[in-house]
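Letters A, B and C name the chains as they come in the text, with residue numbers starting at 1 for each one.
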Amino acid sequence: MQALLNNGFIRWFDNRLPVLSWTNHHMMEYPAPRNLNYAWNFGSLAGLALVLQIVTGIVLAMHYTPHADMAFDSVERIMRDVNYGWLLRYMHANGASFFFIVVYLHIARGLYYGSYKAPREVLWWLGLVILLLMMATAFMGYVLPWGQMSFWGATVITNLFSAIPLIGEPIVQWLWGGFAVGNATLNRFFSLHFLLPFVIVGVVVLHLWALHHKKSNNPLGIDYKGPQDFIPFHPYYTIKDAFGAGVFLILFAIFLFYAPNYMGHPDNYIPADPLVTPAHIVPEWYFLPFYAILRAIPDKLGGVLAMGASIFILFLLPWLDTSRIRSATFRPVFKWFFWLLMIDLVVLGFCGANPPEGFWVPLSQVATVYYFLHFLILLPLIGWFERPRPLPDSIAKPVLKA
Amino acid sequence: MADQTIGAHEETRRDFLYVATGAVAAVGAAMAIWPFIDQMNPAADVLALSSIEVDLSPVPVGQQITVNWRGKPVFVRHRTEADIEEARAVPIEELRDPQTDEERVVKPEWLVMVGICTHLGCVPLADQGDFDGWFCPCHGSHYDSSGRIRKGPAPLNLAIPGYAFIDDTTIRVG
Amino acid sequence: MKRFILSLAALAFLVPATAHAAGDQEVPPEHHWSFNGIFGTYDRAQLLRGLEVYRGVCANCHGLKYVRFRDLEAIGLSEDEVKAIAANYTVEGDVDSFGDPTTREAKPFDAFPSPFPNDEAARASNGGALPIDLSLVAKSRVHGPDYIHALIGLGYEENAEPGPTGLYHNPYMAGGYIAMPPPLFDDAVEYHDGTAATVEQMSTDVSAFLMWAAEPKLEARKAIGLKVILFLLVLTGLFYVCKRKLWANVEH
């Protein structure tokens, strides 16, 4: 990069529009903590997944028809007639799942290492905004093939808004553009599904801005003391991210080429039928824990509020966690409760995947209660009563000693 | 970092490793791009529709029909004796795009050609222009009764699609 | 750290597995299909037999609207054989010069038409039940080809009689009852290659054919996938070696 800037023309250009020095500053010289572990790979992987989704999505939009009578046929045409259409569609469908996998792991890393704590609260908020935008985008994208799960998923999720007192019904009709999910709904979902990923890109830029302003958290969770704590991002983390991307792409390719429908639902290969609901509606796997919380509350408005609260509570996390120690490495009690929360989320996932009958109902209620208990009661208490293990003096010191 | 201790030999081997890795990654990226390009080429269903059959029996002498072939107009003209004679009387050296009438037809009474002006793609009008043929209203190209360019900006004669007679009154275009 | 990632990954992969849990129907026995596995491909001879079963039996009630006759070239038929098969079917033509609808012989670019003009006619001819289009049935049912094979090859009782509601008992159907009478009986079709047309043989062949109909690009997918994964293994290995070299002198 420095060699490039010695070139006269490039220096002249960079002086007028500093793209090169900007890139140099943010992607090469950017000082990163020298002790980041592989859990810090998921951010760049999420970026890679976002780019893959946008590129395959734009290409699919060249062949897809957003009309209730033609959408399903146009998707089948992509699968059968368009050159490499099957590859592009399976990439997009499985790419959505992989996007959520890496984003959930990215969030779990943040929870474990306390990345949401001061001074990174805004960074954390922006990440949650990205998550909400991703959920909206994924939901509307799932509607587009116009299969049975698309149609009934859209019906169920849009009906959540009807729980709002008084104005619920008009809002739902406004969302639908009619009296049920129909062609108007499909059309607007296509438009928004195309738009939102670019909004996500915008928020990602803010997310990175906030990150580079306050610098990365690290596995020790301690503040940096000086330049000896850092190494330049390039080449050390670019190559580490490249290796991570390779592993990610191998796992992605295994699903894409050998189990492309594993994370989908067979019912979505049946064209949408407004008169017949499939026997067992489930959302995509990445919504299952939230879906379980929705169903755990035996009240329409209550369920919707609980589901919304389960995400919005995360915005308050920097203040609900009263401990000043960031990393779970030095928090013996918190560490246990972190894993309990992860198990709780998996239990909720199973509850969401199974029909709301038998023991699944009380189980999902217990798991829902525990979810809120963790954030509202346990976290503040652990922060007050826990005796953290002694922190190292600096990032560089334990590293250099070892 | 602590690179100073590394000898020059080690340096070259490391550089080779990085260059090789970069090259492999670049090859992979180049191959991954192909599906994204190829998807814009005509799809299998489009290619399957690329030939049509046209029944000539309802076209009287001196008339023409226009059929849709690959999304383009194809003129099928049942020429009169006068049309044919006029087309064959033209000295070939006078033509901008030299071609005899015989080269342009399978049977003299049937002229089949793509109805798109070779200038900028408009559809010429029949029975107009200075040469008893077609006239393009967009920029004033005149075609004769064999569809050859005679006057105006167009560089080439109206194109002849590949076609064959299946029987006396049916052709297959494409 | 390693434990952290592995545990999270394990948790994440457990969840979708349960999303496939079936309802109150019997799980079909697993058949060993030629297209299973990493190197699996379709058995062309089996697909051609399956096509004969579809045409001889299923097509009396079921369409196959996403499969075009020209697609059959991919399973080993010649262009002329495809034309000959297409010519057996009638499809809607253009309107004639009086504006009236016409019909014509199907051409290679047409799809297998439904034997009924519309869903209402199909229901009226089948005691109120709608024979579904079979193009995607191998992907739209849990266990795909195993399910089809079990449903038509194993599920009916011998000399099955419809119950009082007109439905036949079949444990592989959701709910345990199906409107379709037993479609197969020995020698329901005559195979061109002389294979004995037992119910087991026909149900297996047609299930494989319907899998091909639902997923015609399976072979290309697996072939490309193998190359892509081998390439990625090499590239990732190189990245790893580079990473080790670069980090060798960094204390971390």
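One rule holds for everything that comes next: a contact is a pair of C-beta atoms (placed from the backbone, for glycine too) under 8 Å apart; a residue touches a chain by one contact, two chains touch by 3 or more.
All values reported here derive from a predicted model rather than from experimental measurement.
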Exercise. Farthest from chain B in C-alpha centre terms, which chain would that be?
Worked result: A
Problem set entry | Contact-richer chain pair [B-C vs A-C] | A-C
For this session: Could you please state the distance in Å, as a whole number, between where the Cα atoms of chain A are centred and where those of chain B are centred?
Result: 49
Exercise. Could you state the distance in Å from the CA-based centre of chain B to that of chain C?
Worked result: 39
Seminar exercise, completed: Rounded to the nearest Å, the gap between Cα centres of chain A and chain C is 34
Problem set entry | For chain A, residues that touch 2 or more chains besides their own | 80, 87, 231, 242
For this session: Would you pick out the residues of chain C that each touch at least 2 other chains?
Result: 232, 235, 239, 242, 250
Exercise. Where in chain B do residues touch two or more other chains at once?
Worked result: 1, 25, 44-45
Exercise. Chain A touches which residues of chain C in the complex?
Worked result: 1, 4-5, 7-9, 11-12, 14-16, 18-19, 21, 23, 38, 66, 71, 135-136, 139-142, 144, 174, 214, 216-217, 220-222, 224-226, 228-229, 232-233, 235-236, 239-240, 242-243, 246-247, 250-252
Exercise. Any idea which chain B residues touch chain A in the complex?
Worked result: 1, 25, 34-36, 38-41, 43-46
Problem set entry | chain C - residues contacting chain B, complex | 68, 70, 97, 108-109, 231-232, 234-235, 238-239, 241-242, 245, 249-250
Seminar exercise, completed: Counting only contacts in the complex, chain A reaches chain B at residues 55, 59, 62-63, 77, 80-85, 87-88, 231, 242
For this session: Provide the residue numbers of chain B that touch chain C in the complex, in ascending order.
Result: 1-3, 14, 17-18, 20-21, 24-25, 28, 44-45, 48-49, 58
